[in-house]
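Take a look at the structure below.
Letters A, B, C and D name the chains as they come in the text, with residue numbers starting at 1 for each one.
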Amino acid sequence: MSTADPKAIARLVGETMFAVDVASKDTMGMELLACEPGRALMRMTVKALHLNGHQICHGGFIFTLADSTFAFACNSYNKNAVAAGCSIEFLKPGKLGDVLTCEGLEQTLSGRHGIYDMKVTNQNGEVIAMFRGKSAQIAGAVVTE
Amino acid sequence: MSTADPKAIARLVGETMFAVDVASKDTMGMELLACEPGRALMRMTVKALHLNGHQICHGGFIFTLADSTFAFACNSYNKNAVAAGCSIEFLKPGKLGDVLTCEGLEQTLSGRHGIYDMKVTNQNGEVIAMFRGKSAQIAGAVVTE
Amino acid sequence: MSTADPKAIARLVGETMFAVDVASKDTMGMELLACEPGRALMRMTVKALHLNGHQICHGGFIFTLADSTFAFACNSYNKNAVAAGCSIEFLKPGKLGDVLTCEGLEQTLSGRHGIYDMKVTNQNGEVIAMFRGKSAQIAGAVVTE
Amino acid sequence: MSTADPKAIARLVGETMFAVDVASKDTMGMELLACEPGRALMRMTVKALHLNGHQICHGGFIFTLADSTFAFACNSYNKNAVAAGCSIEFLKPGKLGDVLTCEGLEQTLSGRHGIYDMKVTNQNGEVIAMFRGKSAQIAGAVVTE
């Protein structure tokens, strides 16, 4: 594959990572809608398996949705990257049947370090949570170019 | 039940919350080992369902373990409490078969606001992650005293 | 003053708060460049008084610049607001003579709770730090309308 | 100096760093009370110069006190260390005349990465803020052993 096509590389990185991500795909039921250079988009419908004792989506699973989206966005250049810190703010609960979409966008990338913002919204466009992640690129690539 | 027995109340709060917490109990496979005034202890073995594309425990699930432990610790006085913010630091990966234990301890409780520290360790006593949560008590109780 | 002019109100709120903010104005030497609905802009030149033992701007003062900008942005509607949590990521050091500009922008405001992002850049447009603040509106106003 | 005396080394590291830390010592008026292996203790009295528009200590300066304490604690082994992330929770305001003490304690140190907790209290023993820092050791030393 030509390295001249960053979009195709990002898409291949996303498909490759997602195919073996049991936690996100099978356990949580996420879908990967897009993986582009510096951006990713994922979706997860809140099902009974996600509910905590208050009958709302466990905050940990909203974190997990955002953390997965972060991983796809910061690995999208096909340079292995790891999370070096993150924070989350919970704004509204996720309810049974809600369709949660998370968009992750690169805010800055300077040398090996980047900042990515993930925003989780529901089907009404309400913001459920905002997650910020700091990434560090390490040696290696996700796919062979 | 006598309100003069905070330990018995905390235990009942824990059992009551955990019984309906599908996310923690059924989906993640956590166990609630202790719920005491200002303290909780949970355990989760890393299984195939927890693994991400790197074949390590998804960081979101380590967050979820700590977040659940936080919920039990800050509700242990039988006054409804919610998370008002949290941060996590990941120190080591969790591997397939690892037995992760999370202890949550109250650091300060002043009026309605508390700070709780959760420490996740593996079967070798290595620290996997440290989570800090800020809680706010709201109206209502978990169980009727 | 007419409440129909949110921009004029925000400017007056900014001027009123800044006039008595000894810490930001006198001790740190900040300037308030703009205070608009949901937005604020501040500037601080790194002087000898800001340097730590590594001869770079103390990270605490970069935090302080962002925290002040946050306060102006989230009080700009003339409804008293307080910080309910914040996080910061340091990306590059501030050096003696650097002119640091911080822009704070509202990301979401739902009911009484808002999220604001502050970005600190230097005179070359390089990002020095990113700060995220969660605000909660409380009773009262900054100025009488 | 013998490397067999970690306490003496830590004290020397603290004195050496503090002597040139204009920001902490001169601008903020902090005192370094102790610098021991994995621990530091600092003090700062809230003066007029620290007050914001609400006539309370600027949150940024409480952060600065904790951040300085963190720097002394994580450099105390005479291996250069830098902050790789931090979070703070503000619990009570600092008032004019309050004597704020900050103790920083290492929670875990594994390889080059450590977690340190800083607790800021006032003269009545009330907790003002809690700060958690993640450190990374880099090449070099503070003093020549």
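FYI, a residue touches a chain if its C-beta (ideal position, glycine included) is under 8 Å from a C-beta of that chain, and two chains touch if they have at least 3 such contacts.
Being a predicted model, the structure only gives us computed values, none of them experimental.
Q: As a test of understanding: of all chains, whose mean C-alpha position lies farthest from that of subunit D?
A: Centre of mass proxy via C-alpha means gives A as farthest from subunit D.
Q: Using the touch rule from the top, work out which pair, A-C or A-D, shares more C-beta pairs.
A: Here the pair linked by more C-beta pairs in contact is A-C.
Q: Express in whole angstrom the distance between the two chain centres, defined as the mean CA positions of subunit C and subunit D.
A: 24
Q: Per the centroid of Cα atoms for each chain, what is the distance between subunit A and subunit C, given in Å?
A: Chain centres of subunit A and subunit C, defined by C-alpha means, are spaced 29 Å apart.
Q: Would you mind pulling out the distance in Å between where the CA atoms of subunit A average out and where those of subunit D do?
A: 35
Q: At which residue positions does subunit D touch at least two other chains?
A: Touching at least two other chains: 85, 87, 89, 134.
Q: What residues of subunit C sit close enough to touch subunit B in their complex?
A: Per the touch definition, subunit C meets subunit B at residues 84-85, 87, 134.
Q: Give every residue of subunit B touching subunit D within the complex, in rising order.
A: Residues in contact with subunit D: 85, 87, 89, 91-92, 107-108, 110, 113, 115, 117, 126-127, 130, 132, 134.
Q: Report the residues of subunit C in contact with subunit D in the complex, numbered from low to high.
A: Those residues of subunit C that touch subunit D are 17-24, 26-27, 48-53, 55, 57-61, 63-65, 67-68, 71, 83, 85-90.
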